[in-house]
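Each of the next two complexes has chain A plus one more chain, namely chain B in the first and chain C in the second.
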Partner chain A sequence: MSLEAAPLDMKTQVPAKQPDSPWRIAIRRFTRNRLAVIGLLILVVMVLFCVVGPWFSPYDLLEYDVKNKKNLAPNAEHWLGTDKLGRDTLLRLMLAGRISLLVGLVATAISILIGATLGALAGFYRRFADTIIMRIADVFMALPTLPILIIMGAILSDLKVEPKHRVYFLMLILGVLGWTTIARLVRGQILTLREQEFMQATEALGLRDRRKIFRHLMPNTIPIIIVTATLGVAGAIIAESALSFLGIGVVPPTPSWGNMITSANSLIDFRRRPWLWIPPGMCILITVVAINLIGDGLRDALDPKMKK
Partner chain B sequence: MKQYIIRRLLQMIPTLIGISILVFAISSMVPGDYITAKNSPSMTAEKKAELRAIYGLDKPPVERYFTWAGNMAVGNLGDSLQHKQPVTKVINTYVWNSFIIAFFSLIFSWIIAVFTGVLSAKFQYSFFDKMVTLLVFLCMSLPSFFIGLLLIKVFALELGWLPIGGMTTAGSKATGWGYFVDVLEHSFLPILVLTMISTGSLTRYFRTSMLEVIRQDYIRTARAKGLKERTVIFKHALRNAMLPAITLMGFELPALFGGAIILEKVFVWPGIGQVYLESITVRDYPFMLGFTIFLAVLTLIGNLISDVLYGAADPRIRLK
Partner chain C sequence: MSEVLLEVDHLKKYFPITGGVFQRRVGDVKAVDDVSFTINKGESFGLVGESGCGKSTIGRTILRLLEKTEGKVIFNGQDIHKLSKEQMRGMRTKMQIVFQDPFSSLNPRIKVGEAIGEALLDHGLVRRKELKARVIETLQICGLADYHYDRYPHEFSGGQRQRIGIARALIMNPEFIVADEPVSALDVSIQAQIINLLSDLQRDKQLTYLFISHDLSVVEHLCDRIGVMYLGSMVEMASKDELFRNPLHPYTKALLSAIPVPDPTLKRERIVLKGDIPSPANPPSGCKFHTRCPLASDICKQEIPEYRNVGDNHFVACHFA
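On to the complex of A and B.
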């Protein structure tokens, strides 16, 4: 009895001696949020579906069979039917998902890179740098985003950018237009952080500004950045799909969920061939819901004060 | 207060100049102009050059910018090339069609959001609350065009209850009541989609704000006085919970007059968003630029209004 009881006692004492790290607390809070965990599971499945899925497909996008396989309804061989060129819709859906997810991720990464850096500079140096950067942010915030995106998309079409490269331009445009939110948040945080005692310590140590900003201030803003980035990916995916639906985002032959829905523009496809445009729409919806759930869970887990 | 408003209005000027430079620079990056976009084969090279001179398209971009910005400063947005009318007139013609949809969806989404938000805060963690939370996430994640298409497919094509698109039935000469019903039927789906999209985040907003208020001491006092629960929630708590939401009112301004570009395309609604989309395709610069600036001004004024409203509603906030 006593032998068994001893280790148990020690176990219960361990957490008291060694408090959990903030990250571990955050992870525990996140996993307790059922909706967020469901969101994460859905997203993982979706990513696997798009990234790994195509390897299991017996078809090839370059294999056209317009004669025999045009516009087939879903059947045992083609689970989601085929399109007007005889391509397997399921395979296109998975490949389109790769593009859509990638555009969302990279566009957000660009926004974060620009926004966090500029926000940190504005918050750290204040005065002149702050005024200039935040003025520019004001300009970007008052810009009507969708119209600007449409104009930029039209420019890409006019410049006859190759569909392959167009995806990169789209990421860049979406990324550059979205930096203001994160810049404001990071700036706000840094403004308060820089007055705290640990910053006096870095001053006393004679650290360089670069080191102060990137090693001591920025790590403290990571929670905010993670949350905003997660929600940003969802927004970027929606923006990409809307643009591609208008025909000025990702353009064929590169498939994306948004441009697959354009087949709904033809009345016959819209009416009689729902397998062409409903699955990509559902994919967008499910992915974005999942990401939003995760983002919300992260917000609760990382920074309860931020909840608004 | 007056001083504050004046200062804010003055601060808008540099922002607007920045926006106008940015927008103009982007649009002058577009290769081709209205003449090339029209691409009529009967037009000779001389005729094209002549037309370009008339429209002022032959001048260098910097000069064009100053002419345009100078005219805009005195309120002249120029003439739309496509509509052969002043830009302001074109905006005035189409903006009200967009306004109808935006206005009604605004009202519906606010009513729905207030009620569901308040109730799910009141019954926090109940089944109802969980369902609302899930629905809110769904609404916040809807790609508008896809939901629009789906609804058209179900309600217009399959069930045939509602028209497919447009604002009135083609060829219909109905007036008065008949016209009203016709427009109502056509606007039902666009309003529905727009309401769904905006209700999500609003509900969330009201729920959190209500949760904060409900835990305060004066609510306990109100209950202790023996007031009916309904009075406590809707009279005492809701008033304070609505306060931060007033700021949202200002932000709705651009949405009211800006048109919903994608939805209008999906529902073939003759609103300003569709006209705008078309102006980009045919390179109708005066309209495209003018309307973009119009939207930016609306956004800036909307921000100002929300700050002023907040200060007016909450005496603890001092505007300086």
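On to the complex of A and C.
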């Protein structure tokens, strides 16, 4: 019996598989986190429910029948009953979900766009840019959010903005008010990164600022952005619900989970017609919990210091 | 004598210490305090000294990764610290650096091929089509394989990462490379490979090195001339043979006596230095070394010894040399 010599020359070894990119590793770690995967599944189901669900409904959003269908309890035709105008609650719930999720997503996207850009500029250029941007951030953080939102809501009502368009203003307001957290995080991250030797290397190589920021610094801040954004979506959904519940966010007839719960304001609806307010409440709860589970999972998966 | 490539003239680099409510400047860390030397074309100059003596700071100030406090760095006849940002960017193609830590010197999210090639592209030195071929050629020169092109840094060992770092510097076709302790983070067996790679490259590409190290045996292998630093100042500088045969400064003697010799029967006189290296924020008066020097006397505490040529380009700063 003879032993074959193992190939020692590096060039004879065939490269195995795809390169094991940091993203691939993160995905693998995420899928090993059971709670996070459950959260993701719930969120997917929720999104399908809101986006695809309405197509299967035999009813129409604008269809109402106060005479015959007012305040029906859940039954075979209307699974979640009807409201005081005789509208199908299930259909309204699904369409409300579209609005609530969309507001959450777009508001967060706006926050990130503003926050990440300003944070990166502050962290990279430091000195003057840093001082100005971070002082503006301080001002925004010092603003009491709720009164401002209420005032904005009142202004929108006063200007008689159509309910359809109010949604967009709401996204913008929530987004603009929320950029500071992400700006601070991105700035902090970039301040640490720029002291690393690989950033000194980019300086020694004479790379342009553009490449340094977008190719070297930003990709390293994406994990933190993803995590904050995920948790931010949950926060924005809650904020939207709260405002809509108070009647200054999304206003009827456009449904949102928040303004659907408003029916719990009336004692009769609260005691006798729980099908009006329990389902949207549950939807908010489930969605926010699912998003938070995903956010935690992403944090664990993307943080290289938490290697398991 | 051959042509001078780099001249460091009375270079000083102080880092301010700030304190108090208003972040007033309360003092300076004198990391590099009045250092002068020259490096000729094709030469490798070794810079040795303890941790914290300012070796790396010199390397980085020469490349203008740090701004100087005083003095001049003249490279190919141009004062590096007087160039505009855009001129400096152009100059960067001529002078490169290999870093000490092969782990933090590579961006974890950038593939090796891009990390090596991006600077060429950014400087417009190569067309996009030819880039990959150039990178692979450089990878192979540095002892790596072509399929490493698409790998991420975390898939490599320390020695391989250091080769990547060398390839990244080399692809620019520099005249001058600062090697900032390129082997001190590596295993001894790997150290030899990297040193051999560096010396092969020097021969093939007529490179000039500033080789920073705290390991005299490494410097002995690679360098033509050696400068010894203590607490931000140059205490002795001579050609390698002269320095090893005839060290004049007591600090150099102590360092040389600390080189391990692979012969357990050999009895040697070990000069063991007492105490710690003093703070560069508040260096001792007179000769900075007097607090630890076995020969120290009164004059050492009072007068700063002149850094003088004792013949044959052997420079030393000691009252007794």
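Quick note on the criterion: the second predicted complex is superposed on the first by the 272 of 308 C-alpha atoms of A that agree within 3 Å, B and C clash if a C-alpha of one lies under 4 Å from a C-alpha of the other, contacts with A are read in each partner's own complex, and residues count from 1 in each chain.
One rule holds in what follows: contacts are C-beta pairs under 8 Å (C-beta built on N, C-alpha and C of every residue); 3 or more make two chains touch, one makes a residue touch a chain.
For clarity, every value in this text was computed on a predicted model and none was experimentally measured.
More residues of chain A are touched by B (comparison of chain B with chain C). When the two structures are aligned on the shared chain, A:L246 is found in touch with chain B, with no touch to chain C.
Of the two partner chains, chain C is the only one that A:R208 touches; chain B does not reach it. When the two complexes are overlaid on their common chain A, residue A:V47 makes contact with neither chain B nor chain C. Once chain A of one complex is fitted onto chain A of the other, the partner contacts of A:H216 are limited to chain C, with no touch recorded for chain B.
In the superposition on chain A, A:I238 makes contact with chain B only, not with chain C.
Once the two complexes are overlaid on the shared chain, A:P22 sits against chain C while remaining clear of chain B.
When the two complexes are laid over each other on chain A, chain A has no residue in contact with both chain B and chain C. Interface of chain C with chain A (complex): residues 60, 63, 65, 88-93, 96-97, 99-101, 104-111, 118-119, 122-123, 144-145, 147, 150-152, 154-155, 165, 168, 172. Those residues of chain B lying in contact with chain A across their complex are 14-15, 18-19, 22-23, 26-27, 29-32, 133-134, 137-138, 140-146, 149-150, 153, 157, 205, 208, 254, 258, 261-262, 265, 276-277, 280-281, 288, 291-292, 295-296, 299-300, 303.
Residues 10-11, 13-15, 19-22, 196-198, 200-201, 203-208, 211, 215-216, 219-220, 304 of chain A are the ones that touch chain C when the two sit in their complex. Residues 35, 135-136, 138-139, 141-144, 146-148, 150-152, 154-155, 158-159, 234, 238, 241-242, 245-246, 261, 264, 270-271, 274, 277-278, 281, 284-285, 288-289, 291-293, 296, 307-308 of chain A touch chain B in their complex.
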